[in-house]
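The structures come next, written out as structure tokens.
You will see two complexes here that share chain A, one where it goes with chain B and one where it goes with chain C.
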Partner chain A sequence: MMRIPFRVVFEQRGETPRRLSLLVPIASVLAALCFGAIFLLATGYSPIDTYSNMFRDGFASFNGITDTLALSTVLICTGISAAFAFQMNLYNIGGEGQLYLGLIGGAWAGIALGDHLPTLIMVPIVLLCGALAGAAWIFVPALVRSRLGTSEIVSTLLLTYIAASLIKHVIYTPGSFFRNPNTSFPQGRMVADSASLDSFGSSRLYPTFFVALIIAGALYWVVRRTEFGYRIKVISDSPRAAHYAGINARRTTMWVMLISGALSGLAGAMLIVGPYGKIEPSIITLGYGYAGIVVAALARNNLGLIIVSGILFSGLRVGGNNLQVTTSTPIHIGVMLQGAILLFALGGEAFRRYHIHVVRTHVAPAKKALS
Partner chain B sequence: MRKTHIKGFALAAAAVFGLLACGSSSSSSDTTAAAAPVTTDAAADYSMLKVAVVYIGVPDDKGWTYQHEQGILALEAELGITVKRVTNVPEGDEGEAIMEGLAAEGYNLIFATSFGYGAPMARVAVKHPEGCFEWATGAKFLLTKDAGGEFATFGDVPANLGTYFGAAEEARYLSGIAAGKASKSGKLGYVAAFPIPEVIRGINAFTLGAQSVNPAATVQVSWTKTWFGPDTEKQAAESLLAAGADVLAMHQDTTATGLAADAKGAKWVGYSSDVSEAAPNAWLTAPTWNWGPYYIKTAKSVAGGTCPADEYYGSMADGMVTLGSFGSSVDADTQALIATKAAAIIDGSFAPFQGPVMDQDGKEVVAAGAKPELLDLLGMSYFVKGVIGSPKG
Partner chain C sequence: MSTTSHEVAQGPHHNSGAAPTALSAHSIDKKFPGVLANDSVDFDVRAGEVHTLLGENGAGKSTLAAVLCGLYQPDAGYLMRNGKRINLSSPRAGLHHGIAMVHQHFRLVERFTVSENVILGSRDLPFRLNRRELNEKVAAVAESYGLPIEPDATVGDLSVGQRQRVEIVKALYQGAEILLLDEPTAVLVPTEVEKLFENVHAMTAAGKSIVFISHKLGEVVEISDRVTVLRNGRVTGHVSGRGTADTKELARLMVGRDIELNAQRATHATGHEVLQIRNLSLSINNVSVLNDISFNVHAGEMVGIAGVAGNGQRELADTIAGLVSPTTGSVTISGAMTTDCGPIQAREVGLAYVPEDRLGMGLVPSMSILDNLLLTRDRQTVVDRVSVRPEAARLIEQFEIKANGPDHLARKLSGGNAQKVLLARELSGGRGATKLLVVCSPTRGLDVGAIETVRRLLNDARSAGQAILLISEDLDEVLSLSDRVLVLYRGAVVHETPGETAQLSQVGAAMAGLASDGHA
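Up next, the complex of A and B:
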């Protein structure tokens, strides 16, 4: 048998060099673009034209940048929802379902309470109800994870399918509270005027964008500067050390997962006070909750960087959507790039966490193997 | 460390599946080169016309979008123009951005082929009064505040927005005749997507057609709550067959119902596309759509300076609704009977919901000799006598 004269050694880094923290995500995006370029070339499209079109339609036109920021409003929320849990090695991948519950919670508040209260009070209530509904949806996975160690990956993911059925149920069941009573067409019931915001000018960008920024900033501060944030860090680095330090890991697990669910629920409620104003069943085809996982991975769960990666990823999606309009490039290129970015971002993790080097193995004189 | 890696992988896999799911699956067929003009009107000038079509899926789905693609191909051939296709367009905000992009690129006639494009399209129509916007399967009153839209009154709905759809119930009724004749047990099954008026109307028309040749025929309904779900459709079909149905009809986008019927030696009435080759032994016929004439008429009207902004409801008379080819088990007598009924529908002497029509409880919903108003048809929410199941889903 021939022996390969070298081997690749993965040596865990104690501390990640600062330059790598920034370099790896940038390199991941570039690598994904190069990867996409291979397919573009193979199918007869110019990568340079395609990417410059995507950039123009995603960032460098009025509609492009406002649509990008509008989409990023939701993706920043689902992104911090994912990242906040991931940083404690809690893999809440059910943000999608928690977002659906946010739609239901937000729409309930907007319909039931909307006529009685002014916008200034009503909009925060809708957002709060959406967040609470999202937190409620992750309550059982959080409980069994913190008490029994049941895998939250499986429980949160499976609950997403139930949440999707719930959305269909409240819209397609005649007489449902959330269904418009004035028509036999299955439509969501509009929330009260006081529960919806106006977009800026002729754009599709809503003031909720700034709420997303503030929340991302606030959580960044919580993680970096508070005792709660310190506990998260200790538990994620070494659960045993946390135990000896007297940190109640169960309670922290519970809180981190509930906050994560609330953030995805908030994203759903933002769709209610913003562009939709009702439960729109087609939202379950958009995958904003799943996209949050990519946004978090791209930012390596750094809550400060989520804003950047959320806007970047939104721009790619908006620009990718428009590729079909301005060129004849198929929409699948945009979707493929989004997937490629995730894979390269996760692959890039290896370079950040490990010092990778190639070692020549001493080629020893071949010994006859004893059989 | 190992545990983390496994989780990381599961996470990546989940996210990728999520992306695939939201980006839809099958491959895109790119803009087909325009066919050579066949009957281009020498006098007509279509150079100002820029037509785009917004698809919910891909043109080669052999179902809903495929039928629209056939219409668009006919439009290209007739006018000698190239139509811009945009595929896999999400409903909601992102769809709105795409339609606005099309209008900004100078497309002045835009067809949108899904119900969920209505509100976004109306918003773009307001911003682009120079364009003409056509919403398939839509209904303008849904854009008013009362019905859950954003325009205060019907009069505020933009005047450059039209809707188009057709009386599929006419062909459903005729396919019911074929099914009623083919059934030995008198028990028919119907795999249906969602309990909405369009689907309910189809089930009722099919039932009335079957009862016209077999008064004792019953139609059992199984709701799938999905337009496109081969596995769910198959399960629903198998449960109906297990309950004794020997003919299955459907309101779905895949051929799963036909394959399930074929496996049990039962018969099948398809929908939307004429795809007898999927299960030739089971195939009876199918109500299908022919969008070409409407697309051609609308494009010519826009070229002439008029945007058709009415709510167009096509029929067998104008050819928007048709009945597909017959399978070998539909005998000549049945075919002749169907042809007679079809002629009566086309000349207006007969309508599928011509009274008397009773609902499930035996209450008269359409008086003897009367024909229901279009709005009653569009909002139909009851099942007729002989349907087994609930119209509430």
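Up next, the complex of A and C:
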């Protein structure tokens, strides 16, 4: 009987060496780039040119880096939204839909309140309304999850499709409150001037970027230092210990999911006070909410690392999108690379968790020297 | 090459001299990250004998057993079967050579019948099973060793002792000549242990070899023809001859020093009633789990609850701790009714609870010792770890916890140290001064040194006037520590006796449900 003389053995690591925690993500990105290179070569593009273009357009030019940071504003928020729930094993994958609701909630405040309040008050109100709308969108999934244990994965995902239809409804229905009444072409009604921020100089970067950073920092602190964060940690690690200690898991579940929904809603509202100023129906094709899941996964749900992974991922996306403009490389190469990076990053987890080595099978019994 | 460092042992009494060595291990080394689990270990077992591997947890006996059955490959050293060198690349290869392991945690499919479990893993099954024939074959194998089992019974319906029998029959059916029994008595009641020992004798009489793995001295002396003692991965001694070994001597070889695990009881009169349980009943999904239980525990008294696992012990503890609301009846701690009040209120009036499941219920594995100390305490909105840190450091020192400091993660603690952390937290008071301590299986899985410490801590707590409810499946522990012993069977207290005069046979019978009611 023929046998393969080698065998791959996965041995669980007691502890991940520190250098691996750093090495594995970098190696994952490199592996994904190599993977992408195969397809670039197969379709007749130079991988080196493509990648250097992507890097320049994503990070190494003024427009590139500001666009990257602008996009990361949204992705950091949706990323924290996902990570905040994921860390408690609550898989809110409906950040996309909550973001749409944030857009609607923010636009509603920005239109309905009119041009009466100063920007300094108006903008926070718009952001708050967006966050509340996002939280409202996850309220029912959170309620049934915490009371009945209904899978939040299914409920939040399905609600995303409803949210997408809602966006279409408020824009394409003639006479809709959110539709611009002055054009026959269906588009969103602009919010009041006081609900719009100015971007920095000639860039497309808005001050909301710093709001995203502050929120990431604040939640990081909440998780690490507060009783609320302590409860989250106990429940996520061992629900039985939480029960033992009298921690109310239902209430905590409810709050974590509502906060997660609010953060995605906030991301939507940031688009209202920033680049959009209105409901932009093309939002349903951009997948910013889903991208948040990728950002969270790359950061391994660490709220501190979300900022880094959010910016990196945004850069990749901005660079990838510009490929088509600058080099006529299909945009899908960029999209494919994003997917490859996620896959390789998740696959790389195996190297962090297991010591993988190849052993020879059917070895002659080891001889022990008598000394 | 073969270094026969072991003494020249006499053959087993009933088969003296003639029996050839069935399986031997020579200079086995097995390393794991940070530990040398087996260090140049020699071991052999003859046909028709019981050879016991004795040692504390972590002494390397399970590792050696895993090497013997092909689960692990040794880093150095080799095995010989009937005088021929063999190389076991997997448990299947072990089975091929007639070596089978009966694991402590059974590897059975609960939804399958006994026969289906027995043939599980066989590779030469016909496409269509002839069940009748199969059942007959399984029954025949079982009966020839005095192991009565019903081939058609579903394993999920069987008792623990019966399941163990299924595992043994499975090994025999697969043609095992050498059976490795890993802590087989850990899960059995005394009557079942007797039955198991009868089976073992039947098997050795038929020429099978038994490698018996245990850390319980009494039974080791009773069952073994030879004993090999391991400590820290090394062989520290051999004893031959059934019934001749001295438990003191074995304990010394096992631990490396003299130990004292003798009974200690309350030295002074017990005080007022701290825990009062009245007519406590609990049904889960219409299945009665606790049935009309009433008893008291006084200050300075330790009451032991004996019973086979799954007779309501965990539910009783959880109900007292406020984690479960009873269907009827009441729990009163220090004069305050805590029924239906939840764990926090129960703790406020003086409850401390050491659950059976240390890592996962009592402790949060991914948290530090410091954070775990906070688990049952009053935490501020912003958790104040700075002021708790010195106390954590003090408790680590006081309870002799082997850790790098308060930030040491709970999951990286050994079983004994995890238990000490749990005890440290529960004994040091949290929301209120501890008046009642409920402890479940406090020494399970601990090595002898840690057992000594834990028992001393419990004794100290009792001397300090705390009321202690000790719930344990380790009957020896309950009998040697408790001032009063209650036996729980099918959710009811079926026997009550003072600890000092408790009879092992009576308590054992009560645990098996054969009690004449011992209530006064």
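By definition in this document, the second predicted complex is superposed on the first by the 332 of 371 C-alpha atoms of A that agree within 3 Å, B and C clash if a C-alpha of one lies under 4 Å from a C-alpha of the other, contacts with A are read in each partner's own complex, and residues count from 1 in each chain.
In the analysis below, a contact is a pair of C-beta atoms (placed from the backbone, for glycine too) under 8 Å apart; a residue touches a chain by one contact, two chains touch by 3 or more.
Computed from a predicted model, the values in this text were never measured in an experiment.
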With the two complexes superposed on chain A, say which partner A:Ser52 touches: chain B (first), chain C (second), both, or neither.
neither
Tell me the contact category for A:Arg225 with respect to chain B and chain C: first, second, both or neither.
second
In the overlaid three-chain picture, which partner chain does A:Tyr91 touch, first (chain B) or second (chain C), both, or neither?
first
Taking the superposition as given, does A:Asn182 touch the first partner, chain B, the second, chain C, both, or neither?
first
Superposed model, chain A: greater residue contact from chain B or chain C
B
Just checking: does A:Lys233 make contact with chain B only, chain C only, both, or neither of them? Give me first, second, both or neither.
second
Check the residue A:His243 against both partner chains and state whether it touches chain B (first), chain C (second), both, or neither.
second
Have a look at where A:Asp67 lands relative to chain B and chain C in the superposition and call it first, second, both or neither.
first
Residue overlap on chain A between the chain B contact set and the chain C contact set?
none
Going by the contact rule at the top, pick out the chain A residues touching chain B in the complex.
12, 57, 63, 67, 70-71, 86, 89, 91, 93, 96, 153, 157, 165, 168, 172-175, 180, 182-190, 202, 204, 275-278, 280, 282-283, 285-287, 289-291, 293-294, 297, 317-318, 321-322, 324-326, 328, 330-332, 334-335, 338-339, 342-343, 346, 349
Interface residues, chain C side, partner chain A - complex
1, 3, 27, 29, 33, 74-78, 85, 87, 89, 321-323, 342-344, 347, 353, 355, 357, 360-367, 371, 374-376, 379-383, 412
Quick one: which bits of chain A touch chain C in the complex? Just the residue numbers, please.
14-15, 225-230, 233-234, 237-238, 240-241, 243-246, 361-363, 365-366, 368, 370
Chain A-facing residues of chain B, complex:
1, 4, 7-8, 10-12, 14-23, 27-28, 30-31, 84, 86-94, 96-98, 100-102, 104-105, 116, 127, 139, 141-142, 145-148, 150, 194-197, 225, 379-381, 392-393
